[in-house]
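Note that the chains are named A, B, C, D, E and F in the order they appear, and that numbering of residues resets to 1 at the start of each chain.
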Amino acid sequence: MRHDQRQPDDLRPITVERGFTRQSPGSVLIRAGRTTILCTASVDEDVPPWKKYEDPPTGWVTAEYNMLPGSTSPRKRRDRNKVDGRTTEIQRLIGRSLRAVVDFEALGARTITVDCDVLEADGGTRTLSITGGFIALVDAVTSIEDPGFDSRRVFTDSVAAISVGIVDSQILLDLDYSEDSIAQVDANIVMTGSGQFVELQGTAERGTFSDAELAAQLKMARAGIHQLTLLQQETLGDKWPLDTIREI
Amino acid sequence: MRHDQRQPDDLRPITVERGFTRQSPGSVLIRAGRTTILCTASVDEDVPPWKKYEDPPTGWVTAEYNMLPGSTSPRKRRDRNKVDGRTTEIQRLIGRSLRAVVDFEALGARTITVDCDVLEADGGTRTLSITGGFIALVDAVTSIEDPGFDSRRVFTDSVAAISVGIVDSQILLDLDYSEDSIAQVDANIVMTGSGQFVELQGTAERGTFSDAELAAQLKMARAGIHQLTLLQQETLGDKWPLDTIREI
Amino acid sequence: MRHDQRQPDDLRPITVERGFTRQSPGSVLIRAGRTTILCTASVDEDVPPWKKYEDPPTGWVTAEYNMLPGSTSPRKRRDRNKVDGRTTEIQRLIGRSLRAVVDFEALGARTITVDCDVLEADGGTRTLSITGGFIALVDAVTSIEDPGFDSRRVFTDSVAAISVGIVDSQILLDLDYSEDSIAQVDANIVMTGSGQFVELQGTAERGTFSDAELAAQLKMARAGIHQLTLLQQETLGDKWPLDTIREI
Amino acid sequence: MRHDQRQPDDLRPITVERGFTRQSPGSVLIRAGRTTILCTASVDEDVPPWKKYEDPPTGWVTAEYNMLPGSTSPRKRRDRNKVDGRTTEIQRLIGRSLRAVVDFEALGARTITVDCDVLEADGGTRTLSITGGFIALVDAVTSIEDPGFDSRRVFTDSVAAISVGIVDSQILLDLDYSEDSIAQVDANIVMTGSGQFVELQGTAERGTFSDAELAAQLKMARAGIHQLTLLQQETLGDKWPLDTIREI
Amino acid sequence: MRHDQRQPDDLRPITVERGFTRQSPGSVLIRAGRTTILCTASVDEDVPPWKKYEDPPTGWVTAEYNMLPGSTSPRKRRDRNKVDGRTTEIQRLIGRSLRAVVDFEALGARTITVDCDVLEADGGTRTLSITGGFIALVDAVTSIEDPGFDSRRVFTDSVAAISVGIVDSQILLDLDYSEDSIAQVDANIVMTGSGQFVELQGTAERGTFSDAELAAQLKMARAGIHQLTLLQQETLGDKWPLDTIREI
Amino acid sequence: MRHDQRQPDDLRPITVERGFTRQSPGSVLIRAGRTTILCTASVDEDVPPWKKYEDPPTGWVTAEYNMLPGSTSPRKRRDRNKVDGRTTEIQRLIGRSLRAVVDFEALGARTITVDCDVLEADGGTRTLSITGGFIALVDAVTSIEDPGFDSRRVFTDSVAAISVGIVDSQILLDLDYSEDSIAQVDANIVMTGSGQFVELQGTAERGTFSDAELAAQLKMARAGIHQLTLLQQETLGDKWPLDTIREI
C-alpha cells in the first residue's frame, strides 16, 4: 500500500475542467492528486519561417511549459532571464508528443501553441501536461472556423502520458513527488490511444535497471495510459476526434 | 448603460476562491468579469540582504506579476529573456500597495512574496491583483506558526484597488478592456479600508484632464474601494485581521 | 525654512543651456540645484513598425532615461545587461508626457527620440527630464527642414513637471534628494502650460494620505508648473511654438 | 547494405587518441566515421554548493556539450548568448550517464567536469560523447594524486552509449546524419559494461512504434555497446578501472 | 591645409572644465573640437575580490567608456543588453593606460573608477578619454582624506594619448571623424609625460604600412602628447602630482 | 637560454595539419609548443546586410575566437551568456588581419568565417590564430567552385603574426604563457609576407617602454614572421596563392 492508500498500479484521482478561461479556444484545468496544470491552446493563422513556402501548406503544433512560483514549496524562483534546462527538455517533449498524432496537411497553414502552466506541482507534471494538452489541442482545433477545414481529419490518433518507476524494488504507477524523489528508476511513457509508443524515457536515478524491470514498467504504463485515454474520450464527448478507441 | 449592462459606478461581478492550490499558504483565485488572477503568497524565513542586520529585525513583502500566454487573445508571448516595462511597473505598484498596510516589525524577519499570475486578462489586472493579493497575504501571514508571533499585529489596515476612467466624457468605474482601450483618462486608485490614499496614478491617454474631472473620478473610486473592502472582509471571515471597517 | 533656505513653495534655482552639444538638433543642459540633465532630441525619418501603414501617416515621440555612473555618490553601477524597473518606469512617463502635447499628424511620418541622461542627481530627475525634454523636443521639431512641414502646428500645448511632497507634515515643492528620502508622500505632477493634468502620480512612501492633503499638494504643484512654463517660454524665445500662455 | 557499405548492425570505424591535449588530465579525441569529439576531463578540488556540508564528503561529476561552428556544413552559429534546448538536453544526459557508474564517496570532495566539444558532426554526437567521455573521466580520476585516494574504488562499472533507429522499416545501429535525418524512430541507449540500462530514450520522429520494434532495437544496441566496452577496455589498458568485463 | 584649417601636426582646440558636476570627486568636461567627454572619477573604499587578501594591501584603477545616444548623428542606439566589442576594447585601453602611472601600494586598498561618457563624438574619443580621465583621476586621488595617505606618492608619471593617421599619403595628428573615416592607417599612442610608451596601437584600415611610415607617425604623436601634458599640468595647477615635466 | 632551451629569437616548434576535419572547406590544426588551435573556414554565399546593395558586389571575411574549457588548467568556464572583453578584442584583431590581404571584389558576394577554437592554450593564441587562420582561409577560398571565380586574384598578400616581449630586460620572441605572465612589455605584430605592417599592438604591462626598445622588438618580430610565412607557403604547396615571397 502506498502512502496515499493507492495500489501500485493506481492512478491518482484525476479531474478535468474544460473552458476554465475564455480568451483561448482551448483551456483545460487538469488535476491529478495535488498536481494542477492549466493547459491553454491558441491558434495563430501563421506558420514558422521554415514552413512559409511549403506546398501544399502545412501547419505546426508547439508547446511551452512553465511552473508558477507558487506551485512549489518553497516558492520556485521565476525564470525571467533564462529558461532552465529541465523546462526546455519538458516543453520539447510535450511538443513532440502532441505532434505525433497530428496531420499537418489537414491542419493547414496555422500554428497551435499549447501552453502548460503548472499551478501546483506534486510530481508528474510533464506527463499530465501531455494528457491535458491533448484535450486543449482538440478544443482549439475544433474551434477553427474555416470553410473547407475538417477538424476530424487533423488527428490520426490520441496521445496521453504517464510515469512509472521503481521505488524500494517495487514498480509503481503515476509517482507523486515524495515517491519520485526516492525512486531508483523513473520512466515517462508517451503512448497513443491505439497503444503505440510515441516516446519512452527511462532513467536510472540511482544504480541501473535490467531488461526484465523495463518490461514490467512498460506493461504497467500501458494499462495506465489506457485509463487516461478513456478519460480524455469521456471528457471531450462529441468533440472526441477519433472513431474508436482500441481495447488493450 | 455600459456594453455589459453595468451602470457607470458598478463593479464587475466578482468571485473569490481561497485555497485554490495547496503548496502556498495563501492561494486565491479571484475573478472580476473575464479577468482571472491566481494570487499566491509564500513565506520565506529570510530577509533581503539590506535587511539582514536590522535591529530589531523586520520583515519584507514583495510582489511579482505575470500574464500567462493564454490570458490574452491573440496569445501573449512569454517573457523569458527579459521583463517588459509594463510588468515591472505593475509589480512594483502591487508591492508598494501591500507594504503600505504591513507593520514590518510585527511581521518579524521573514519575507512574503505575493505572486499575481493573470490566467485571463480583460482589463483591471493590476488593481484586481492588489485586491486579491491582500487576501492571499492575510492567509499567508495567519499560517505562520511561531510562538510569540501575533498575526493580528501585522496589519495596520486593509488595502484594495480599482480603476476609474473617462470614456466618451463619462466617468466609469472598473473598466474592462474594451472600455480601457478607448478611455481618454485612466486612473488607478489604491486605498486602505479606512479610506486613505496609498497610491494614485492618473494618466491622460488622449488629451488631458481638469481638476473637476479628477475630483469626480476620485469620488467614484472611493465608493468602489469600499465595496471591495467589504468583500475582502466577508471572504476572510474570522481571518480578517482588523477590528473594524470604517463607514465612508 | 528648508535646509537650503528655500520657502516651502520655492523651486530650486534653475538654468538652461540650449545647443550644449551639436550632433543632435535638440541639446539642452538643464540644471536645478544639484540635479543636472542633458536632454538631446534626435529626428529619425522613420516610424515604428506599428505605424508603418497608417493613412494619413503620423509620427511618434519616445524617450529614454539614464543615470550616468558618476551622477550619484556612491557611484551608480552602469545598466549594461538590463534596464532596471525604475528606469523603465521613468522613461515611459517622460515619453507619455511629451506625447500628450504633440499632434502626430502634423509631425508627419518621423520619430523623435528624447534622451534624458542624468549627469548629476539630487532629486527630481524625472520631472526635470520632462521640463528640459520639452525644450529639446521643440528645438528638434523646429530644425526639421521639409517644404510643407509647419513646426508650429505640431504642438497643441507645452508640458512641464514638478514634484511635491509631505515632509514632517509640511507640504514642500521641488524636493531635493535629502527631502525626498524622508518624505511621507511623494507626488509627481505633469501639467500642460494651459493648466490641465497630463499625469499625476502620488505615492505614500510611509503611511497614507487624505483627500485634503492631496488637494494642497496639487495646488502648490500647479503654481510651480506655471513658473516652469514661463521659463520654457523665455528660454525658447521666438522658437516658442504656442501663441499664448494662460494665466493661472 | 547501407550507403557506406555497413551491415545494419555494424558500428562505424572508431578510433581513440588519449592525451590529445595536455592541459587537462583527461583528453580524448574520439572519431566514429566523420563524427569527431574532443572529450576533456578536469578535476576541481571543490564541490557544488549543495554538496559543501555533506558528511562524509562526496564528489560530483558534471558534463558540458558543445558543437564547434565548423563542425557542421553550413556553419553552426556559436551559442554565445544562450544555450539552446538541444544542447542542454544532451549535456544533462551525458552527466547523468557518467554519474551512474561513479561512487561519489570514493571520489571524495572534488568535482570532475567532462567537456565534450564536437569538432565534426555526422550523427551520434551524444552517444559518442558518453563513450569517449568515460575514457577521459577515467584518465582524470587516475591522475589524482592524493594519499589515501584509491582510483580503482571510484568506478562501479563502465558506461557507453549507442544510437539505434528504424529507417525504411529496417533496424540500423549507429546512425550517421544522413540516416538519422530520415529515421522513423531514433533511440539512444546508455548501458553499463555489465549490460544494465542507465538510460533509454526512444522517440518516434515520424509515426509511432510497437513493443516488438522496441525489443529489436534494444537487442541490437546491446551488442553494439558490448563492442564499445571492449574498445574502452583496450584503449585504457592497465588504467581500466574494473576487474572484469561481462560476456553478453 | 586640413578641412578645418589645421596644419598636419595641429591638435584641435581643446578646453577642460574641472568640477563640472559635484557628486564625484573628479569631474572633468573635456572638449577637443566637436568631441566632448565627461570624465568622472569615483573612489570606492574597497578592492576587487582578487585583491582582497594582498599584503601589503594595494588598490586598483578601472575605467568604463560609453557613448550617449545623442553623441552621434544619426542617434546611437543605447547599449542596454550587451556591451559591444568596440566599447569593451576602448574601456580596457583606458584602464590599462591610467594604471600605468599609478603606484597601487601608495593608493592603498581602494578602487577608483573613471567613467568616460561621450556627450558628443567627432573622432578621437578614446584618446581624449585618457587625457581627460587622467585629470579626473588626479582630482579623485587628491580628494581622499585619510591620515597617512599621501596623494603625491600615488602617481609615478602623467599619461595622455593622441591619434595619428595617414590620410591621402599625408601624416595627420588628432584626426576628426571625417579624416578618420578615410584614413589608410590609424594609430593611437598612449605616452607618459616623461615620453615613454604605455601603449601603441597601429592599424592599417586599408592596405598596410611600412617601417618609415610608422616612425613618422610616432614622432608626430610624441610632439602632440607633449602639448597635452602641458595642458594637463596647467589645468591641474597645484594639484599636479609630479615634480617636473620633462622636455622632449 | 630560455626555460625550454630556446634562444631569444627562436620560435616554438610548430606543426600544421590541413584537412583535420571534413565538414568545413578549410580545417587546420596548428600547434606551436603547447598551444593548439583548430582553425576552420566556412563559406557562406551571402553577405552582411550592409553589403547587400553594393555594386559591384563584394565579399567579407570575419573571424571568431574561442577557448575551449579544457584548453587551460584550471578549466576555463564556458562563455555561454556573454562574450568577455578579451575574446571580443582578439576576434576583431583576427578578422581585421585576414581582411588586410583580401580583395573583396575578387572574392565576390560571399562571406568567409574563420573560426579559431583554442584546444590548448600556452600563450600566443591570438597570433597563432592569425597564422593558422590564413591557411584555412586559403583552403576555403580555393574550394569555391564557381565559373568565372579566380581564387588566385583574391589574395593581395599573405599574413602572419607573432608576439614579442621584454622579460627581465631581454627581448624574447614567441612568448609562452610562463614568459608572457611576467613580461614588462608584450607586443603582437601582424605583418604581410612582403614585410608590411598590418597591425601593431604594444602594451607595457608593467612600467613603460622607450623608442629603442620598440625598435628592437619590431626587428625580432619581422624575422619571426618571415619564418612563419615560409611555413605557410610550404604547407599550402601549390595552393599558395601568391607568386613570390619577398626576402627580408
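By definition in this document, a contact is a pair of C-beta atoms (placed from the backbone, for glycine too) under 8 Å apart; a residue touches a chain by one contact, two chains touch by 3 or more.
Bear in mind the structure is a predicted one, so any value in this text is a computation, not a measurement.
Novice: Tell me, which chains sit next to both chain D and chain E?
Specialist: F
Novice: So if I look at the partners of chain A and the partners of chain D, which chains show up in both lists?
Specialist: A chain counts here if it touches both chain A and chain D, and no chain qualifies.
Novice: From the centre of chain F, which chain's CA centre is farthest?
Specialist: B
Novice: How big is the gap, in whole Å, between where the Cα atoms of chain C centre and where those of chain E centre?
Specialist: Averaging C-alpha atoms per chain gives centres 34 Å apart.
Novice: Return the distance between the CA-based centres of chain C and chain F, expressed in whole Å.
Specialist: Chain centres of chain C and chain F, defined by C-alpha means, are spaced 52 Å apart.
Novice: With centres defined as the mean C-alpha position, give me the chain A-chain E separation in Å.
Specialist: Whole-Å distance between the two chain centres: 61.
Novice: Please set out, as single numbers or ranges, the residues of chain B touching at least two other chains.
Specialist: Answer for chain B, listing residues that touch two or more other chains: 81-83.
Novice: Starting from chain D and heading to chain F first, what is the chain order around the ring?
Specialist: D, F, E, C, B, A
Novice: Quick one: which bits of chain B touch chain C in the complex? Just the residue numbers, please.
Specialist: 82-83, 85, 88-89, 91-92, 96, 100, 157, 187, 192, 196-204, 207-211, 214, 218
Novice: Which of the residues in chain E come into contact with chain C in the complex?
Specialist: Those residues of chain E that touch chain C are 20-24, 27, 34, 36, 38, 40-42, 44, 64, 66, 68-75, 78-83, 113, 115, 117, 119-122.
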